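To start, the structure itself, in structure tokens.
Chains here go by letter, A, B, C and D, matching the order in which they are written, and residues are numbered from 1 within each.
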Amino acid sequence: MAIDKRMVSPSDAVADVKDGAVVMVSGFGGAGFPNIMLDALREQGLRDLTLVVNSATHVYSLTHTLIEAGQVAKVICTAARGRGEGLSPFEKLWRDGRIELECIPQGNFSERIRAGGAGIPAFYTPVGHGTDLAVGKEVREFGGRLCVLETAITGDLALVRGDRADPFGNVTFLYAQMNFGPAMASACSTTVAEVREALEEPMSHNEVQLPSVYVDRVVAVGGEP
Amino acid sequence: MAIDKRMVSPSDAVADVKDGAVVMVSGFGGAGFPNIMLDALREQGLRDLTLVVNSATHVYSLTHTLIEAGQVAKVICTAARGRGEGLSPFEKLWRDGRIELECIPQGNFSERIRAGGAGIPAFYTPVGHGTDLAVGKEVREFGGRLCVLETAITGDLALVRGDRADPFGNVTFLYAQMNFGPAMASACSTTVAEVREALEEPMSHNEVQLPSVYVDRVVAVGGEP
Amino acid sequence: MNALSRNQIAWRAAQDIADGSVVNLGIGMPVLTSNYIPKHIDVFLQSENGVLGVGPEAEEAQKDPNLVDAGSRRITLRPGASIVDSADSFAMIRGGHIDVTVLGAFEVAANGDLANWDSCVPDKGPLIGGAMDLAVGAKATWTLMQHNTKDGRARLLEVCSLPLTASNCVSRIYTDISVVEVAETGFVALELLAGVSADELRARTGASIAIGDDCKFLVVPDSVV
Amino acid sequence: MNALSRNQIAWRAAQDIADGSVVNLGIGMPVLTSNYIPKHIDVFLQSENGVLGVGPEAEEAQKDPNLVDAGSRRITLRPGASIVDSADSFAMIRGGHIDVTVLGAFEVAANGDLANWDSCVPDKGPLIGGAMDLAVGAKATWTLMQHNTKDGRARLLEVCSLPLTASNCVSRIYTDISVVEVAETGFVALELLAGVSADELRARTGASIAIGDDCKFLVVPDSVV
């Protein structure tokens, strides 16, 4: 049967996600947030999710709506500071011990996710050594540099925002929309690509920025609001 | 001064390479061999080179001409078997102990080079564990799987074959010409891109397959013979 | 019926490929499998040089020296194909994104150990390529092989005599006289050529081999020769 | 002369950027540096969200929500720009392919230790982003900062009091009253604002600071305000 990964309904695309799932969410610098899919996921009413997302509190990302709805047990991110002097909903939950936080350097974050998708269980990196974030981590010297051991991050579901996708699941991105999308798609057992436009025809191999093998479902939602 | 990495002469592009240099050479499956640059390198008459190349004996690659000229002290590769039943010049040198050989699985080869360019000094991989190639390597269990520790490979010079390059050093590839080029370019202190065509104008960001930051010199040589 | 030809072994393996799957075919007999994939199923063939979506071999007029597979065959691309570099290709392989790899084999052991890279010819250089990565990384590893060596020795063994490619990786073996599953309990014949008795199979197999409860005749249509 | 404004500090740093270099500018004061890079030099600005070749901020009509830098500014691309995903962007950073990163800082120690990510405000979430990766990965790390806190405490210290970003990484500090080199021997003032005596500098610095043999006046043209 001809492969066709396109789905009409955002909620159908996440209907099989379960309580306790590890969900990766793309987006950085205002670009690449899969907000329609995040809405659909929130409406599923799941509990105890772990979110792997660059920022727990970015105002343009709807990640925070899952956190505020009490659906998130843990966040793995590189930024969790709310704007302004007061405390964000995330910060209040964190202060009260109601949400777990693992905050890591952005390059270790992206490399650990890439490793998860690439079958590399662990690697050494100089980044973070000697800081509070490396406390308790194994340290080893390579070429005179002290490095910490970091392990791969994998997930159950990746929600990735792109521009166009073809029926096979090949995806293109607009400019800096790419960011964490390709690595997250590779690291999760199921990937949903939220795109502006689903194509009827296959795209050229030269256009593909995220190969079909990493994408399980495509949901076309039009341009960003 | 406007950046312009284009050079006219292949020999000028490798004039500063020194005896004992670690040289990475792209190419696999018949595509992406920087043969004009390999010719120029051979003519430099250097000694004691270490070559990092997928195959030590591929008939379409001129890698073997440096080996036969006695300029190579060591080869790191994934394939070193000559065609047919007789021994290739490489195999004779190897049998006689006149050339050192490190033969490794192709995925560990590409990942070690990628790690070299990415500032990852070492990583664990399940590939090779339990085989003769992992003898003496550190073994560690992750998630129930036994893995070996592999270290990054870096080099002094990468010779990479591409299709087009712009003055800034951005490179495109034709089809499977890409293979080891991007990883090798990232892992060496100097990268020479041998391309069919050097462009006068910058290419679009959408076309770039090897970003300018990884390319130091561009030599246009026309199509492959 | 006569023992199966290479084409016939490849045909038999092709019938077991699942619709929608991603398959890597090794050099030699395995790549013949692509000629026999049933028309009604849709499969992406990956080649470890980075091509995802290998199409039929190129006609003379189409041949591009850069559009090749890992075996240097000049190929075409299927609709929806994409191409990545070697580091990303092996990330795809090692990361478990290939459903099945079909490989040639010298020997397979009853625990799934595979020996297919080193036939121990004196002084010939090693040739590893991507076999270790594929055998470890793919979700399933199938082997195509002659049931016995030219001089009649068994290739399905209690323990491999040749250097290992990977441990515990083979789940299915297609030979010129049988289809064999590698189960927890060891070899189980699923299909057997008409005229080959259970006793003959046991005599030609170097390890204990059970006859499956539902063991069928191994039948290939006349059109495949 | 008055203490330098943020623009003036950024201007001063911009004058030290080498022709042809690749520079990453942190969020806040560092990104102002891009406005003052001398016209006669050609520089590629990298942003850790994957953009290599950040151009001027976008005019209203050009603004694309997906063409942003790591600080969510809507930007343009310079000629020869390219865009990679986050894993590749941090491979570029960690792998030593960025010549200089210019970062903001809370504190710098005389051995080059940097503290710039955690100001220890109670219950506010952590915000790391890419600072640790940049400080460790770039070939050189420069900081732009006020010489003293609002309540007059030193920010250039013998030992940082705030949590570290990275050890031994800062080589140059640009403040509102000085340009300081972090040498093997500790802080060395290279430039000092007219009207600030050596004694005042020492009083405002929390570690031993030498006055360079060739210490100059820190002068900014009137056009920069």
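Definition applied: a contact is a pair of C-beta atoms (placed from the backbone, for glycine too) under 8 Å apart; a residue touches a chain by one contact, two chains touch by 3 or more.
All values derive from a computational prediction rather than experimental measurement.
Contact with both subunit A and subunit B is made by C, D. If each chain is reduced to the centroid of its CA atoms, subunit C and subunit D end up 56 Å from each other.
Centroids built from CA atoms put subunit D at 36 Å from subunit B. Centroids built from CA atoms put subunit D at 29 Å from subunit A. For subunit C, the set of residues that touch two or more other chains comprises 83-84, 90-91, 93-94, 137. Shown for subunit A are the residues in touch with two or more other chains, namely 111, 114, 118-120, 125-126, 175, 205. Chain pairs that touch one another: A-B, A-C, A-D, B-C, B-D.
On the subunit B side of its complex with subunit A, the touching residues are 111, 115, 118-126, 142-143, 145, 147, 151, 175, 205. Note for the complex: subunit C touches subunit A at residues 19-20, 22, 40-42, 44, 46, 52-53, 77, 79-84, 90-98, 137. Subunit D meets subunit A in the complex at residues 47-51, 64-72, 74, 83-87, 89-91, 93-94, 118, 123-133, 136-137, 163-167. Chain contact summary for the complex, subunit A toward subunit D: residues 28-32, 56-57, 60, 78-82, 87-88, 90-91, 94-95, 101, 103-108, 110-111, 113-114, 125-133, 163, 173-183, 224. Across the complex, subunit C is touched by residues 1-3, 114, 116-120, 166-168, 170, 186, 201-203, 205, 208, 211-214 of subunit A.
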